[in-house]
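Worksheet for the structure shown next.
Labels run A, B and C following the written order; every chain starts at residue 1.
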Amino acid sequence: MSDAYSAAGRARWWGILAAACVIAVLPLVFRDSYWRTNLIVCALNVMLAIGLDFVVGYAGQLNLGQSAFYGIGAYVSTLLIMRLGLPFWPAFVCGVVASALSGMVLSLFAVRLRGHYLAIASLGFAVITYQVLLNWISLTQGPLGIYGIAPPPPVGLPGWQIDFTDLANLFYLVAGFALLSYVLLDQLVRSPIGETLTAIREDEVSAASLGINARLWKVFAFAVGTAVAGGAGCFYAGFVGTLVPDAFFITESFNILAMVIVGGMGTLSGPVFGAILLTVLPEFLRGIGDLRLIVYGLALTLVVLFMPGGIAQALRLARDRLMRASSRQTAGAKP
Amino acid sequence: MSDAAAIFRAVGLSKNFGGVRAVKDVSLAVAPATVFAIIGPNGAGKSTLLNLISGVHPPDAGTVMFNSLDVTALPPHARVRHGLARTFQKIRLFKQLSVIDNVVAGFHARHRIPAWQYVWHGTAFRADRARCRAEAAELLAFVGLSGRGQALAGALSYGEQRMLEIARALATAPRLLLIDEPAAGLNAAEVEALLERIRVLRQRGMAVVVVEHNMDLVMNVADRVLVMDYGEPLFEGTPAEVQVHPGVIAAYLGAES
Amino acid sequence: MLTVALQQGINGLVLGSLYVLVALGLTLIYGVLVQINFAHADIVTLGAFSAYFFTHAFGGGYLPSIAVALLVGAALGFLINAAVFAPLRERGNELLPLIATIGVSVMLENVMLAWFGPIPYAFDSPYSERVIRFGGMFFTAQSVLIIAVSAAAIGLLYAFMKFTFLGKALRAVAQDRETAGLMGINPNRVIMLTFVIASALAGMGGAMLGPVLVLTPFAGASVIVKAFAIVIIGGFGNVEGTIIAGLIVGLIESYTTQVLGPGLIDIVVFALLLLMLAVRPTGLIAERREENV
């Protein structure tokens, strides 16, 4: 049994290595700034989606406020840089921590609330955050937005300077963090923490009967999932260069949720594909009006109705069918 | 029973739901390595009593002592760490998880992994994992589910699900195991196997509280029997005493007719 | 000063009674099904648009347009139940229907956006111009109409729930679906009926909110988040609590606008919601239930 585990573990490291190779090659394939910009958006969305999936797919807590944590990371880091002159990386850490702390505060509601109540509380939290960003004009400049945000500072290696005004380098940075977040979350869900969170998702009363403190673990799940979103927010600010509250409106939460559901919640690789698909696919539909959000909505509904496990489930089904077909072939070849 | 002998003691437990007095002034004490049966007709308050003991509901009155420690104010998950485990009358497995993962979830409080190894799976992590898997396989064998480890819990038959719930509870390494109507929906052979397993647990020193509405079933295995009716304790004694107690017979005949 | 406060109070109650219409639908559905229809928002919007087109494009009267919106709402409710909630019922997952209707909502809003455009429609009700003076205060006939129609609708709903067989069946299903089934009530039909009634109320609310709101494809969304706050403050599934909470939220909105400025409405309402969830998650009229284990 432990053999099967280490085999799966090795396969996973090969997968991660492959992902790293793909990340390395992508900016070389896509050389125009339009597609490189999209690549960065993909990487940001991957971070947002896997962070949300940790909370929704594993711990089973429907968080409709991911847009707010994204925004908190973005605004906190940017304001620290622009108002207090903090360097990027300390501000990045503060943004992540601020996001995680607000996630923990929200999760304290999740402690007493389950299911729908939490969904609405988190939606309310997202509405409040958005309205604060919009109305606290002396701090955030409200709907006018904050302009001229610098990208992360260049990293100097001996004889080689990595400059993040170059979109390819910025993509390496963000995608690197996305991969790092993925590995971190993957390690967590493959540890006993994964079973603990799933137990809470499946049945809290039952989980408590096994000594699981659901309160504590929900706070933990929120802290981790929203920290990743906060990190994405910090990069977003440096990447786009401007911050307006509308970027963190509640519909953004729904978009991230769509990525998780379409990819397959409760798996980590699924939402990665979901995020990439729902970022790239609408780009091809650009000619036909603003179909992006119609596609998101339609995909969300259809997947829930007809393929609740999302892309991950579809891939699994396809693989099983292939294996069955090939085993039938070898069986047929024998006599 | 003297205080020192009892692993568990409840005094004057009461619980109302709205106007329904589900449990009224019930006291009991359970010694290690014994089987304590709680019987009574449907609606007598047996499950509610179990919920008070395990902490699912807070009692309106009364105290719950575990190893001479007052645990009345502790939430259910904290009681598990004192050695208390339970199953549910209405089966509550993690249906989307595999059989073995259900049992492994029961090891929650017993992992020995340094915090950083949750992020970087090292030697201690792997050793812990191997230990849990091996122990889980043993527990599955004990409840007769060897070889079913990879099936989804929801795909098991009803009787198998009951056994899996017991295995999952045992994974917490309890000293007191509460089982609620374990024989419901089991066929005769399965019931016999279940009783045998309860005897083995007693032999290992575990205290087992069995809730059952079928009186005959527990007579062969119980050391002491508490009879409940309308939330109240009707009689407590040995199975032999219970069988001839006129009040008990009347309650059961009344419930049956 | 007092007149201003009173005037604001009445404006708040007018708005609040519209919120009640919308929130009651959510509460009815929650009571029977323990589910949330996120697309309820878009039923409000489509109710408003159908009333707008009925009056402005086809020259219909405003009162009949409320009836049109009611029918449109009822039809949408029927469709959403049939397309989303009914198929998902067997899966027994608490959150999937909510997620699916988020998708429906995002889709409907953006289809409307493609169709109607982002520019707000000027929905003029003939009753908005007629002003009634009373003790130094001004009301439009529209306000009186809103209060009258909402009160009538709520009263009818109440009578329906209390006195008709279907209403009783609805409450029976809300209490215990299995037992209701045994009593010969078809729960699926009752659930369908609940959706139709709930959505008819929302459509009707939309027709009356149309002249008040900035009528865009997202008009309903701004109402629905408040309706969520209302159902939670009132206690999910609790009709009386919803009515009280709806009026309170209307008042809060009116006074917040007066005292703090309109930008802060959502902040105040949702701060109240989060506070409520923290101190009294069962709502204003508490029904303490312990899960049956």
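Going forward, a residue touches a chain if its C-beta (ideal position, glycine included) is under 8 Å from a C-beta of that chain, and two chains touch if they have at least 3 such contacts.
None of these values were measured; they are calculated from a predicted model.
The touch graph of these protein chains is complete, with an edge between every pair of chains.
By C-beta contact pairs, the most connected chain pair is A-C. Relative to the C-alpha centre of subunit C, the farthest chain centre belongs to B. Per-chain Cα centroids separate subunit A from subunit B by 41 Å. Inter-chain spacing, taken between the CA centroids of subunit A and subunit C, is 33 Å. Separating the CA-averaged centres of subunit B and subunit C is a span of 46 Å. The set of subunit B residues that touch two or more partner chains comprises 56, 88, 92. Multi-chain contact residues of subunit A (touching two or more other chains) are listed as 205. Within subunit C, the positions touching two or more other chains are listed as 293.
Those residues of subunit C that touch subunit A in the complex are listed here as 30, 34-36, 84, 87-88, 91, 93-96, 98-111, 113-114, 225, 228-229, 232, 236, 263-264, 266-267, 270-271, 273-274, 277-278, 281, 291, 293. Remark: subunit A residues 1-2, 5-6, 9, 184, 187-188, 190-193, 195-196, 198-199, 202-203, 205-214 touch subunit B in the complex.
Subunit A makes touch with subunit C in their complex at residues 60, 62, 64, 109, 112-113, 115-117, 119-121, 123-125, 127-128, 131-132, 134-135, 205, 250-251, 254, 257-258, 261, 289-291, 293-294, 296-302, 304-305, 308.
Contact residues of subunit B toward subunit A in the complex are 54-56, 75-78, 80-81, 85-86, 88, 92-97, 101, 104-109, 111, 113, 117-121, 125-126, 128-130, 132-133, 137, 168-169, 171-172. Looking at the complex, you find that subunit B touches subunit C at residues 17, 47, 51, 56-57, 88-90, 92.
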